[in-house]
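Below you'll find the structures, each written out as structure tokens.
Heads up, the next two complexes both have subunit A, just with different partners, subunit B and then subunit C.
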Partner chain A sequence: MLKSNPGLALCILIALAAVCFALFSGEPYYVQVVIWVFANAVLAVTLRFVLLIGELNIATAAFFGIGAYTTAVASTILDWSFFASLLAAPIIAGLISALFGWVTLRTKGPYFLLISFAFTEIVRLLYTKSDVLGGNSGMIGMFPPMELDAYFPAIAITLLAAIMFGLYAAERSNLGRVFKAIKNNEDIPRSVGLNVIGLKILCLVIASTAVGLAGGVNAYTNSVIAPADFTYFVAVLALAYVKIGGEGHIIGPIIGATILTLAGQLLHSFGPYENIFYGIIIIGVLLLVPGGIVGLGERFKAGTFIGRAGR
Partner chain B sequence: MELQVQLLMNTLQIGSVYVLFALGLTLIFGVMKIVNFAHGTFFTAAALVVSSVMIWSVDTLGMPIWFSYLIAFVLALLVVCIIGFVVYVFGFQYVLKDLNGSFILSIGLLLLLNGTYLILYGGVPRSIPAVIPGNITILGASLTIQRLVLMIVATIITLGLYILVHRTKLGLSLRAVAEDQEAAMLQGIPYRRVALYGFLIGATLAACAGALMATVTPVTTVIGDDFLVKAFIIIIIGGLGSVLGAILGGLLIALIESFGGYYFDPSTATLVMFVLVVVLLIVRPQGILGHAEK
Partner chain C sequence: MNDTQTDTLSAYNTGSEGKTLLKAEGLERKFGGLTAVADFSFELHDGEILGLIGPNGAGKSTTFNLISGFIPPTSGTLSFLGQNITSKSATYISRMGLIRTFQHESLLSEMSVADNIIIATTHRLKTAAARLERMREMAKLTGLEDYLEVTASSLPHGLQRMLSIAIALAAEPKVLCLDEPLTGLQGAEVKAALDLFEMIRSELGITILLVEHNMRAVMRICDRILVLNHGRLLATGTPEEVSQNELVIEAYLGHKK
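So, the complex of A and B:
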């Protein structure tokens, strides 16, 4: 649908508009919401990036948290500069994910799903038990330097948008095609001499580096982080964004994240009903609109728009 | 010596419930090739039914406690079977053998059901009165009779499942479908019906675990979720789809939790479990008793 260049141009325009909005709008709350939309979109896009090799990576949530905690430690304990502490986040997240991938990507499918789930919960447990990291209450006091304070929302949005454009470029490159080939049948890339495990680890590292940077931005955006912000549920919501937007194209998760984040803001005061709402949306979309919004658009374009239950 | 016996008793008691819970999960995986993240909600539903029915019937109707518990137990299994049937017919049968689809569906169910429980039951933990009061001393270790009975009942249910899977015709169909669905269908096994039975048996096992745990721990609406992460570790260790693996894995995890939790602390024990999983994945990715994936 948006595969041609006009779509990309439109996205760049929207990103620029968001940056301008952050620079010139006098409404801090709405700027905050825009940053949340971009951050959630990055989570969904990175989750989908590992789906390119066919693996559902719950540890997206863990690497988001690792990025946030890295920046928090660098900023508040080590007193690093703003940009150095932001840069540390993707590096540390990428390194840990390389190790994690080296061990776990020997498995696939349900085993990888479960192990990434367990990893996420155990990393969170480690935060709660660490006194340096503030235990259950987490860490506070990540502020951008005074002279950059007014520009911080614009910087955050620029970085988050850059991550998404970067991942889009990676997907469109030959590397992205190899990732999709691995998903289809990993024996074929292996038969032409490609190191499939190495490529899978590379895919995971690219996604984790990206989400680690988003985590670092998140630490500065919220100024407060706690272990409860990085449960497996972060990845679950990201998956909901992917599914609702449609995983056929990178714009899908972005649309899904935008809709659900805005809906979530409206529903915030409904307590348990909020979760019920998400639950019904997720089940309904899965069963009634399997391709998500992007899939719906493509079917509409192809003239085969028929509502269909099940798969 | 007394201490070790005490810890061993703890191991067996926690382990027997872990085994029941993980067995259901592994059975559903074997037959349907899906991971049911909503498995904890079956556990929770049973525990909630038991505590609601018992508090109501003992306080209001003045029934004897043991009789009230029996009724509550049966009702809990019934309610969970109905929930299981509904979610299978309206959801899971469309995502058979679809790992990502079933994950999303079960997460949606988890949100929906947990939210519903919270509205119906409220957030306050409730304890039920002791069904069988009294203590017993075994080799110097003290144990409430209630926990001993819980252990015995859980063991009987586990044995019953083992016999069902390995000695009956239904068990044969379950195993055949788990081994190779298409070959099983060629032999005339109705796959969709067998998958439904497998799912309901799995849900019932979780319900048994929940109804038993309700007697020894306060009931909340998220009681089942705590079991989920450990059950995942258990079935990774034991091998997805392996009945014997789930039993061994459940006991091993309970052993680490009980002894590690005493000599170090609970979070160290959880870390040890994770390290164990990592080492196992490097040496034997398909679990102790799992089959290699094709």
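So, the complex of A and C:
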């Protein structure tokens, strides 16, 4: 299977290299940057996963936060073990997303987008109003157990990479084809016996479970979480990664997240002007290369690059 | 649920020919103040090709949407294979084996021909190999076997029409409802399509409900015809009876003075 798919083989190699780097480099800052790259890539990949059915899911940010808060509550308040706390994150995020999807995915038009936006902000406000969850200052003290501490970055990278490979496999399966069919013209799958609303909910639940696990990993990576980490802006940045990298293939959001996360590290010195840079990049890419970097690559492959750029 | 459905199906398969598969009683649908279909009753018998004709705006498409569960009726009842399906979902009804095509946007335009057909096999067939095999069969039946990797929207119009039929057939219908399948087809294509419908009925044993504007084709292929006008059943009978019916002639050609 890997022989026929060199791109996948390369991605597995890169993931293994990142795990080795985390284990042996002894450079905590750079290891941290690698984890951020992987976490942002998961955010972008999960946002894109719901785009497969044609819905822009701002609540990607909310389910990322729900995962993080679930792990934080499980480990610091309930004193659950490391792995149990991590496992709780995707389960709770998945369950809440099933309920959320069951209510919202019956709508047509822009309503899902608007409701997912409102949901994200409401969930964030709930954190700030809750004393148990630490209010505005959030929660602190999510540490991996001592004996695992040295390996935690490697574990985090492995989990985040596994999420992306899992979503890639889901998209390549018949389920991925069905999701794309729903986006293209949902009357057709409905007319041949498919439960379109149920499948839309399933798509949202898969993505939210994935991003919930990433949220749990995030809680342990940072040891501190706060409501401000989970605003709608998290999803907006993820959308920027998707648009810049290209929406046509799962590697697009991964490339976009990598470039912008690394660029962001260099741009921190600009302070608040950082966001202007993101804005310029997004507008530039949307105007000049609507298919993102992946779209550009495909044009090169098809040999139509010069023809199109000349227009 | 699956078991009972299979039982019902097999009971009907062994039944005598001419058994009622689909039955509508007093079907009515209003859109605000407009009555699209009113007091419409009919039966679809096993093994027949039943035509549904009428001038533009007569309520043919609304009827299709009602029986396939895409919109619920305002009043009236529908039963399929002896089971009441009034207000059942489109998913439920298509799983029972009543499959419809669409007059417009009848394809997954951005996907390949192969993917279009495979989607329709998804509910019945659970392995990739079985789906591929059925997809190839349906593509061959409809003359699409050389276009499997072509994006649906770039197919010539005639083949797009064939693809919408291939999609419906791949879902293993008991009753196939075709919504103006001949629109935009040329002479030879019309003949090929009619031959295909005959084959679907005689060799695959699928009952057909056909909405069509091409009168010559309808007269040639249908066993019985229902004529709708202003949402009401105007006449019913064999092609010959219908074509000589004064009311039908009036509806199509205008009032006699």
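To be clear about the criterion, the second predicted complex is superposed on the first by the 299 of 311 C-alpha atoms of A that agree within 3 Å, B and C clash if a C-alpha of one lies under 4 Å from a C-alpha of the other, contacts with A are read in each partner's own complex, and residues count from 1 in each chain.
Everything below uses one rule, namely that a contact is a pair of C-beta atoms (placed from the backbone, for glycine too) under 8 Å apart; a residue touches a chain by one contact, two chains touch by 3 or more.
Small disclaimer: the values here were computed from a predicted structure and weren't measured.
Enquirer: Output check: A:Ile188 vs subunit B and subunit C. Expected answer is one of first, second, both, neither. What do you get?
Expert: In the superposition, A:Ile188 contacts subunit C only.
Enquirer: With the two structures laid over each other on chain A, which partner does A:Ile122 touch: subunit B (first), subunit C (second), both, or neither?
Expert: first
Enquirer: Output check: A:Thr107 vs subunit B and subunit C. Expected answer is one of first, second, both, neither. What do you get?
Expert: first
Enquirer: Tell me which partner A:Leu287 touches in the superposition: subunit B (first), subunit C (second), both or neither.
Expert: After superposing on A, A:Leu287 lies in contact with subunit B but is clear of subunit C.
Enquirer: Would you mind checking which one, subunit B or subunit C, touches more residues on subunit A?
Expert: After superposing on chain A, more of subunit A is contacted by B.
Enquirer: Just to be sure I read the superposition right, which of the two partners does A:Arg299 touch: subunit B = first, subunit C = second, or both, or neither?
Expert: After superposition on chain A, A:Arg299 lies in contact with neither partner.
Enquirer: Looking at A:Gly279 after the superposition, I want to know if it touches subunit B, subunit C, both of them or none. Which is it: first, second, both, neither?
Expert: It touches subunit B, and subunit C stays clear.
Enquirer: Please indicate which partner A:Val178 is in contact with in the superposed arrangement: first for subunit B, second for subunit C, both, or neither.
Expert: It touches subunit C, and subunit B stays clear.
Enquirer: Which residues would you name on subunit A as touching subunit B in one complex and subunit C in the other?
Expert: none
Enquirer: Touching subunit A in the complex: which residues of subunit B?
Expert: So the residues of subunit B touching subunit A come out as 29, 33, 35, 90-91, 94-95, 98-101, 103-105, 107-116, 118-119, 229, 232-233, 235-236, 240, 267, 270-271, 274, 277-278, 281-282, 285-286, 293.
Enquirer: Mind pulling up the subunit A residues that touch subunit C in the complex?
Expert: Counting only subunit A, the residues touching subunit C are 174, 177-178, 180-181, 184-185, 187-196.
Enquirer: If you look only at subunit C, which of its residues touch subunit A in the complex?
Expert: 68, 70, 90-91, 94-95, 99-102, 105-111, 115-116, 118-120, 122-124, 128, 131, 167-168, 170-171
Enquirer: Which positions of subunit A touch subunit B when the two form their complex?
Expert: Going through subunit A, the ones touching subunit B are 51, 56, 103-104, 106-111, 113-115, 117-119, 121-122, 125-126, 128-129, 236, 239-240, 243, 272-276, 278-283, 286-287, 290, 309-311.
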